[in-house]
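Structure first, then comments.
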Amino acid sequence: MTSNERITSDDVVAWIQGFAQVLRENKGYLTELDSAIGDADHGINMDRGFQAVLAKLPMVPTGDVGALLKSVGMTLISTVGGASGPLYGSFFLQLAGTSAGKPEIDLAEFVAAVDNGITRVQGLGKAQAGDKTMLEALLPAQAALHQAVDEGASPADALAAAAAAAEQGMLGTIPLVARKGRASYLGERSAGHQDPGATSTHLMLKAAADAWSRA
Amino acid sequence: MKKLINAPDNVVDEALAGMLAAHPDYIRIEEPNIIVRKDAPRAGKVGIISGGGSGHEPMHGGFVGMGMLDAACAGAVFTSPVPDQMLAATKAVDGGAGVLHIVKNYTGDIMNFELAAEMARADGHEVSAVIMADDVAVKDSLYTAGRRGVGGTVLAEKIVGAAAEAGADLATVTALCQKVQDNVRSMGMALTSCTVPAAGKPTFEIADDEMEIGVGIHGEPGRSRMKLATADEITEMLATPILEDLPFQRGDNVLAFVNGLGGTPLIELYIVYNKLAQLCAARGVTITRNLVGSYITSLEMAGCSITLLKLDDELTKYWDAPVNTPALRWGV
Amino acid sequence: MKKLINAPDNVVDEALAGMLAAHPDYIRIEEPNIIVRKDAPRAGKVGIISGGGSGHEPMHGGFVGMGMLDAACAGAVFTSPVPDQMLAATKAVDGGAGVLHIVKNYTGDIMNFELAAEMARADGHEVSAVIMADDVAVKDSLYTAGRRGVGGTVLAEKIVGAAAEAGADLATVTALCQKVQDNVRSMGMALTSCTVPAAGKPTFEIADDEMEIGVGIHGEPGRSRMKLATADEITEMLATPILEDLPFQRGDNVLAFVNGLGGTPLIELYIVYNKLAQLCAARGVTITRNLVGSYITSLEMAGCSITLLKLDDELTKYWDAPVNTPALRWGV
Amino acid sequence: MTSNERITSDDVVAWIQGFAQVLRENKGYLTELDSAIGDADHGINMDRGFQAVLAKLPMVPTGDVGALLKSVGMTLISTVGGASGPLYGSFFLQLAGTSAGKPEIDLAEFVAAVDNGITRVQGLGKAQAGDKTMLEALLPAQAALHQAVDEGASPADALAAAAAAAEQGMLGTIPLVARKGRASYLGERSAGHQDPGATSTHLMLKAAADAWSRA
């Protein structure tokens, strides 16, 4: 891919399928992270949601990025539950935002949609940077994406940079004391553990980078 | 994992099917996994719905019936239900007088109920919500998710359900539910962990000589991990923070609720109640109503929780009012 | 041993004190450890008493009240009460119409109740006794102690209590209790052992992948030690011997009772009930009444038991009759 | 002691105190035997009963063998429960039988009382030789006692012989399949375990032999 390459609905399908695959493989790992500071279900929740997403894919009109992302968001909201359901679900609904009917979008459009998604996650969850949530992965990724756009990077390179930034953010959750979500009940005892949601967010971005670099 | 189950993924569906088979005179089950009072909606009556992750039985489904809930939404084990469920439940029970959502204070529950309320209002339903957050084990703060909703929820559902049955309007039952929240405090402890069926292994490790004080109903770690103590010491460790938080004062009348977490037998709960009664008496707090049993559980976790609700004539009247559900029944 | 207790030797006394503190409107406690219906004796009413080792709560003490037991004798954990208790209970509840002793078939219970009956008769009380022996896990024989009394006892106490409340005389309630015994069958299974407080360690060892089929309510080993199976398979292993023993036949109406042994949460019992309902339906046996919950336990043992009672109009009428006790309540 | 020596109330007190002591020491052992084929309480039951017996001793008129044995029997019936309570309790009530008011009895009187005790145990429990109960220890002991009387043995020697016979009977319960008591629920599975009640019966007789040989 090069800077002027675009993100097609096939790219999005590959991303979603890749992420679902990764969640399958990391179901136990994410659940284990959640059992340390939460209620031992994050991997189970995300896997349940994305298996449902895969089941719905065939029914989604092809060649429509917006319809695709909207279906993902709706399905997650309807099947995941917990904190991650509304958060990931609304995030994907916002991603769908302006791309309804479009067979493909460019990186700038994608990044603008990601901005809306993050805004919605913050609006719903009332969390901020430093609260030890998925935002610890999303916010650095957001910055990386904007820089990539400015530098005219390709979608694949942009997402690779975003995934790398998210991974740093994910690792950065370890020392943090949670102030939102179930982990916050632990207070000080939440420090020393990696946040499950930040981890799944890193996996989500990495799945996009992997899928699109293969394109 | 030692459980009487078939497949982890079928636990909730099969338990609901069993509930329906056992209580067809009380409830009906509608998609997606909502337990609805047999005769809902009742014209002119405010609908009372609640819900949450499964694994806390009999809460909430066992409380659906006359004088308590009109519907309960059963999520996956320990995972809040999805908005579709609360939306469907709201539609199923709205008798034209609006619907109250009783929500336990967990990020997931809050967000899913909020999304559902948005959709329901968009469909023209009048919806209000009250957040139950009574677990004193969690230090409260504006900057955190706040306290967990635990045992107080059971009492709120009974009391608010009675008011709705008596014809109170949405604003009144909403205020009443908030009043219960403002006057109820709880704390729990675990002797053993629970095991989420889909996870397959205990949520937390705990040694044979340890206990977890302040545990959450999802096996969330609590205030502190300690060496096993006697029932009297444990009761004091739970009751003291509860009594001092509200605070409950000399002369107060309270409802004392000693709850089993799923793996603890009744004989042990009575031993705890025995000490709790002594502790309240010593502080001049009078237990005028009580409930002893396993009503809000954490799968097979062994342990207990204590809930105290400060009573006045109004709360007492609605607590005493007839209730007829699979799990709570009197006056009928 | 992980329990909410203070000292093994105080478990029974403190649990009784807690019961009294929680239910002063239902019961009074008299020496030596007998739980007596608050308003006993009732003139002209046949007194119904039962009793046994403690550790099976709510049985028997939780069933003392209107429409069920007039008194319950609480022995040491898993040890039958002593004759002094049954004698005192008989005196406390005899309203002049005689007293029925409902005895579970264990050598110790039989002998202690017999000695008590001898003494009571010597004191001029009219006493009859019925032996409950419904556990099909035990092969019956004239040359052995015979079957154990288990879940059927709960149903007998409810039904006989209703008849006594309705004014039936001693001969009639005695015959009715025998009729329940003749038409009820049970079987249980354990996922884990229980621990007798005074013993301090599990009554039996069982591996993480094993279960005990046919276990007794005192942790007595059962029919066979097997690899853990699914809830559906377990339900079938319990239901089939029960159904074929009486036998229950196509067209029969039954009361189906799925009981938790103390450490098993309600959600699992509903999964078992779901399968039991299917098995009965498949045989043309109609469940017209049911009870799902932990009513006859074995301390903290995880597991369940199934009890089926063949119903006719008389038994159904008395099952439906009002009952108002700490553990069973309806129609009031 | 010699054949014409008599059994005084002090001898009986020494026996009861010795047995109570032995039960204290063997509480766990007897309970463990009971957990294999019963309900894990035999040691607890017997210990509870004999501690109560000790507590009552001071209140019993001295120099009265019958009153002493009666107090033991009544106390056991009132405090032990289970199967062993009525059985041991009635056994001691029968032992008291004809010795009311007597400061001492001879071996023949004692053995005759033991006969009555065993008859009562059989009447109450409806068990027979071979059913794997305390009778497996009592019946051989009974035979040994009669032989001792015929041979003019001393009470101490007679009880030593009875204890030895009881021990054989106790060991003989191991291969038996229980037909009475809780153990009978096990059917075939009860074989291979020593009966707790037969074991406590052996300890009872051995306690008498030990106490009286010291006299």
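In order of appearance the chains are A, B, C and D, and numbering begins at 1 in each one.
By definition in this document, a residue touches a chain if its C-beta (ideal position, glycine included) is under 8 Å from a C-beta of that chain, and two chains touch if they have at least 3 such contacts.
Predicted model, so just to flag it, every value in this text is computed and none were measured.
S.K.: In angstrom, rounded to a whole number, how far apart do the mean CA points of chain B and chain C lie?
M.R.: The computed centroid separation for chain B versus chain C comes out at 29 Å.
S.K.: Would you mind pulling out the distance in Å between where the CA atoms of chain B average out and where those of chain D do?
M.R.: Centres of chain B and chain D (C-alpha means) sit 55 Å apart.
S.K.: Where the CA atoms of chain A average out and where those of chain D average out, how many Å apart are those spots?
M.R.: Distance between chain centres, rounded to whole Å: 77 Å.
S.K.: Make each chain a node and each touching pair an edge, then name the shape: line, ring, star, complete, other.
M.R.: Chain contacts: open path, no cycle.
S.K.: Among the chains present, which pairs are found to touch?
M.R.: By the stated definition, chains touch in these pairs: A-B, B-C, C-D.
S.K.: Which of the residues in chain C come into contact with chain B in the complex?
M.R.: For chain C paired with chain B, touching residues are 2-7, 11, 14-19, 21-22, 54-55, 57-58, 62, 191-192, 208, 211, 228, 230-232, 234, 262-274, 277, 290, 292, 294, 297, 299-300, 302-304, 329-332.
S.K.: Residues of chain B touching chain A in their complex?
M.R.: 53, 75-84, 106-108, 111-112, 114-115, 137-139, 143-145, 148, 196, 198-199, 203-204, 216, 218-221
S.K.: Note which residues of chain A are touching chain B in the complex, please.
M.R.: Touch residues, chain A against chain B: 31, 35, 37-41, 44-45, 48, 77-87, 124-125, 179-182, 184-187, 189.
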